[in-house]
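There are two complexes below, and they share chain A, which is joined by chain B in the first and by chain C in the second.
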Partner chain A sequence: MSAQNSLTGRGLGGVGEAPAPRRSRLNRRLLGLAAALLALVLLNVAMTPNFLQLQTLAVNVSQVAPVVIVALGMTLVIATGGVDLSVGAVMAVAGALAPLIFGSGWGVANPGLGLAAAFVGPLLVAAACGLFNGSLVSFLGVQPIIATLILFISGRGVALVLTNGNLQTFTNPSFTWLGTGRALGIPVMGWIALALALVVAVVVRKTIYGRYLLSVGGNERAASLAGTPVATVKIWTYLICSTLAGLAGLIVVAQNSASDAARIGNLMELDAIAAAVVGGAALSGGRAPILGTLLGALFIQLVGYTLVANGVPDEATFIVTAAIIVIAVWLQDSRRRT
Partner chain B sequence: MTASLDLDLRRFTRPLGGGTHLTVWVALLALIVLGGLRYDNFLSAYNISSFLGYNSMFLLISVGMCLVIMTGGIDLSVGAVAALASVVAALLSPDGLIVALPGGVATGLLVGAINAGLIVGLRLPPFMATLATMLAARGASLVVSDNRAVSVDWGSDFTTLGMNKIGPLVPWTIVIAALVVVVAWYVLERTSLGRTVLAVGGNAEAAHLMGLKTGRALVFVYLFSGACAGLAGVFLASGYGAGQPLEGQGWELAAIASVVVGGTLLTGGMGSIPATVAGALLFGLVFNLLNFENGLGVISLSAYWQSVIRGAFLLVVILLQVRLARPHPTKA
Partner chain C sequence: MAESLLRMTGIQKAFAGVPALRDASLRIGPGEVHALVGQNGAGKSTLIKILTGVYRRDAGEVLWQGRPVDLKSPREAQGAGIATIYQELTLVPQRTVTENIVLGYEPRKPWGAIDWRAADARAREVLSRFGIELDLHRALGSYPTAIQQLVAIGRAASMEAKLLIMDEPTSSLDEKEVETLFGVIRGLKARGTSVLYVSHFLDELFQVCDAVTIMRDGRTVGETRIADTTKLDLIAAMLGRDAEEIRAAGRTEFSVGEQRAGEVFLEARHLASDRRLKDLSLEVRAGEIVGLAGLLGSGRTEAARAIFGLDRVTGGSLKVGARAARIRGPRDAVAAGMAYLSEDRKVEGIVPDLSVRENLTLALLPRLSRLGIVDEARERRVVEGFIKALGIRTADMDQPIRELSGGNQQKVLLGRWLALEPRLLILDEPTRGVDVGAKLEIQSIIAKHVEQGCAVLLISSEFEELIEGAHNIVVLQEGRSVRRLSNPGVTESRLIHAIAEQPDDALEAAQ
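Up next, the complex of A and B:
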């Protein structure tokens, strides 16, 4: 294992050139974000009634957890220099499939197996979507925006066809636990999102895949010349992103005890991209600040909550989110130039 | 391994490259002939005029998008801008077309100016800058409209723009859209501004070093795209009787798809206005044909199938254009 690590370390060359400034720049950004988040919390403690309640925390966590899960995958895709517009549609497909599986005659006859299949089946389909995206990007050289646009357009249509456009409501306590259950007072899905963030962060930092990922995004041609399996890395990245989106779709459906294919994951691609970029990801690739993405998602969520809780209309929060994105990208860019 | 595959594909598809723009027109013509032969009312005045009226909006935003994409940029804000402009135009409609039309277009120009400021002034990547203005324009349209559709004033002459036709076939909206297309084509092919647009997309650095006014070209394309989206919003309000703050979701991606179907590279530096027009019409025609196929009763595809088939259609086009869609190999 250590031998392999040192081997890739040598092979990467370009990426290893200046690790120190890259890290410190990111750390500064993370510190800034954390400070902003803390300031926002303090502001809320002073301003927002009933802010320091477990219920407030639970509401925020259950709103932000699906965004975090999707944004983790999006960060990886962005790190390769790509983008995945299809995540919302993949959520809709996975979310539409799950109730169909455990609600089918077979699923009702075998509740245990049905439940397992309702988890595994949609995730496999989501993974297949990622395989499709990744293959278009790496084998055919289609630009990521265009490649993922196909499933963005068709994916939700598939989900609507599957459900005939109907809202599927269901009662299945074991499944809805995923969306409504709590552990230590915090929604289970919050723990899932946190655990996934930790796993992805470790994968990016400690595994060969993580090193390959950053080198592909940093300079694809150099990475390829240095022997990095560029196509494989990209395909895996899109596959991971779609699978995470599928999981987020399952969670949203479980939370609502209903699956509405027209609405699940609508505009999720924007939320996920925003979280990643506010967290320090650069669309040009080569950076995968997982902790930053987590903080970015929390920051956007809390800003929205603060505004709504203090009587600002929901619609106006769009404009504030837009301003946050502009400032985040501008800060990133001005730092890159200096 | 990948390198050899790369070479083979390119050698194999090179002869097709030159004729791609022609291919789009041939495909369009073939579909129209097919529709005309297969369906009774396909070439009826009603179908033609409603098809042209509806697609005039997509034509506009696709042409604006085409210019932006030629510079290597992207404008994700067009759908939200159209929604905002439709709301503004509907609110201004009691003062008549003479106020509401410029009002809607000015709204688009304003957002276009913000895009240009963010991209040229602050040097933000176009994807992120227009993503932000997309959110902001959507929010603004919901705030201005108080979160509901704004009915136009039917007493004024505002709705004549979207509902009146020249003869039985030609809606005014498609005439105006066609004029905009001609202007875009003229600017691109016959002016130094247009040549600069292409040069920026080909190699921004080199264009700048050659002394071309690259900033001016970028400002122009984002203003133009914004104005096109604003005009599309006016058409929407005028043709369908209401300013619709939630309309236009996904229009930007439909426009991008039309541009791609027309053979324009997302990397910029090349592209064709006429082929984009064909791409937009082709994309709209797929919908129209499906409706008629349903009407025949041979197949019964729900409306939900249409987006699946649109996506599949896009996939086929992309597969046919693999060589074109490949990013410039020189780009590191």
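Up next, the complex of A and C:
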């Protein structure tokens, strides 16, 4: 059918052009964020001593990578109209478990298997945490903020019990490579975070899960009437979020060669939410700007670094971060009204 | 006519370069009930929003009580004496009746605390004008939509406005409530308040309005005393067509032809649900439209919800395609070949931030995907086809659906279900809140699919639609199917009689 063929051609062309008002609006925000980031970099080049060193890049990347990884999952959860407060606690659990596994008698006797188990085991536990959160939200109808508060409180408690409340140091070069290794001069975890961001972005844009995610967050009743498996979509989303948090926990532990259950992932939920919000996520759901989240995390990181590197006390950076969030929320609000 | 209360002339307004109003005008006299009609997208809402300070005009003049004004916000408009009741309810369902009525205008005690006693008294007075008595301390949301609508109207009427704007005030009211509302409007008029009345129900205009302004494509195309015009003339002016031409074509796009229905697709026997449906028996055949008629609250929507698996079935049996079916939710229903266009477009239909394309393919997604990846090229082809076939007016398929007019949103939602090629289409008020043009188009789309063998269960409050459209009409009363009428031969009076007769008389008549 020739008519159909011409339609095909048009359809394919449309993918590339995508002159959608919605997208262009979002792009405008992303462009603004990217421009702010660039301005900040230029400011640093002019102001901050030794800014253009590879070491500076490495420091920043290793500080921001765990935030990015957690914020990716958080963005998905926020897109459903929920929020996950338990990510920091899940990081602590996963982080506390890993050294226990490869440091156990069995792990020492089978270093290869032990190392693999030290990766997979904590991630499975993290996934189970997500399954728990998602089930509470989907099947019992518990509000996300309450549902995830349970693990927020108890998760860190479990991690503390696992480590007897002490700082557990270890030596395991293969494992610490995850946190300290570099490729092309940049920390491995930076590459991991970037790769994950790309994967998640593609998942959101190209897969049926991504479409369901946005429709569930955008209008849950309409989605449900159209046959969308709402509960499944939500459970998977919490599961992905927790698993990513677990990975971030492993990375932080590997970086420090020590697991400190009391501190791993502390306040991470807020950093992740901040990155998502600055990146353009709406807490009411229905939007998942992954690239925005990535830029948002980078922006907050670089602002903090700029202040610290120029002698502003650490505490003051919190105030500035808060100001950035206020501006981001204000931008979102004013955009909605126009 | 004495000096006008309001005079808007030469109003223009464009959104992102697209003109919504080209040359609109509106003139309302003091104490006049003035109707504003036009298809969706004609610019009625935009004109009202300019008047109420929600939008700023690009050009034109507004004279309010003879003086040029420039209202910059809804608050300013209210201050000037213009009160609005929007189409969508804008009250707070979780709060009490009293709180909603006095919201923003709470009577205060001298030291600033809210004087609840005075607030209750005012609420009671407002409601008494409607002759309704409510528990003032119950959450508003626990009352039916119709009651909520009346409370919203009462609230606006209590603000002592000079002009009261009502946008589709009757769309969720039943006949008696509409009468109550008309009584209130006449009372307002007697006290010198003007009313701007926007409605798709043209019959109502002749009962309550003095004059009418007609809009089309962003322009005011006519203004006349209501006594000097007819319903047909209004429709013709709204559509920009000739009245004679329409008269010849009939008032709906439906026409009941020969009964050549096929196999029974859906069969319900004594179906009951946990939500007001008590005893529903009906069958729908392929290629047949079965209408569900009844008063508001008679269980029409509940019947649809039970069949589609949205409410829990507590009794009776359901057969789909000659086999007993257990439908536990929309997914089961869709898998069984059913589709359900809900009556509440905004709450249960559109996903506002997603595009026309994404909304249209929401139900079709599983069939458009392989290994979880959406085939976007194929998706675009499908959507392109439906935009053409259904005449959806959109800038392009990636436009967010919330920017479309109600009629076009409805077509997208209809497309969402037609894309599945369902064997049974359940339509709950498919043309409500939709302008005349889109209504005819939607009816003809439905008729075409029925011809191709689709079974349709049609819920409609409009007798014309049922009488001209349905092959069989099942009448519901208080959650029970009490009568079945077959076309040809159904007349409006027979239908009304069946809807209104006492349940006892009808028991024997039940099939």
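The rule we apply is simple: the second predicted complex is superposed on the first by the 319 of 338 C-alpha atoms of A that agree within 3 Å, B and C clash if a C-alpha of one lies under 4 Å from a C-alpha of the other, contacts with A are read in each partner's own complex, and residues count from 1 in each chain.
Following the convention adopted for this analysis, a residue touches a chain if its C-beta (ideal position, glycine included) is under 8 Å from a C-beta of that chain, and two chains touch if they have at least 3 such contacts.
Just so it is clear, the structure is predicted and the values come from calculations on it, not from any experiment.
Touch criterion met: A:Leu214 reaches chain C, while chain B stays clear of it. Contacts of A:Gly286 after superposition: chain C is touched, whereas chain B is not reached.
When both complexes are overlaid on chain A, the residue A:Asn60 reaches neither chain B nor chain C.
Once the two complexes are laid over each other on the shared chain, residue contacts for A:Gln143 go to chain B alone; chain C is not touched.
Of the two partners chain B and chain C, it is B that touches the larger number of chain A residues.
After overlaying the two complexes on the shared chain, residue contacts for A:Gln255 are found with neither chain B nor chain C. Shared-chain residue A:Ala322: touches chain B; no touch with chain C. Look at A:Ser154: by the touch rule set out above, it reaches chain B but stays clear of chain C. Overlaid on A, the two complexes show chain B and chain C touching the same residues of chain A, namely 219, 221-222, 224.
Contact residues on chain B toward chain A in their complex (touch as defined above): 2, 5-6, 74, 118, 122-125, 127-129, 131-136, 138-140, 142-143, 147, 249-250, 253, 256-257, 260, 266-267, 302-312, 314-315, 318-319, 322, 325-327, 332. By the touch criterion stated above, chain C contacts chain A in their complex at residues 16, 310, 329-331, 333-334, 340, 342, 347-355, 358, 362-363, 365-366, 368-369, 372-374, 376-381, 384-385, 395-400, 403, 416. On the side of chain A, the complex with chain B involves touching residues 83, 85, 136, 139-143, 145-147, 149-158, 160-161, 164-165, 219-222, 224, 230-231, 267, 270, 273-274, 277, 283-284, 313, 315-319, 321-323, 325-326, 329-330, 333. Contact residues of chain A toward chain C in the complex are 4, 7-8, 10-12, 14-15, 18-23, 206-209, 211-212, 214-215, 218-219, 221-229, 286-287.
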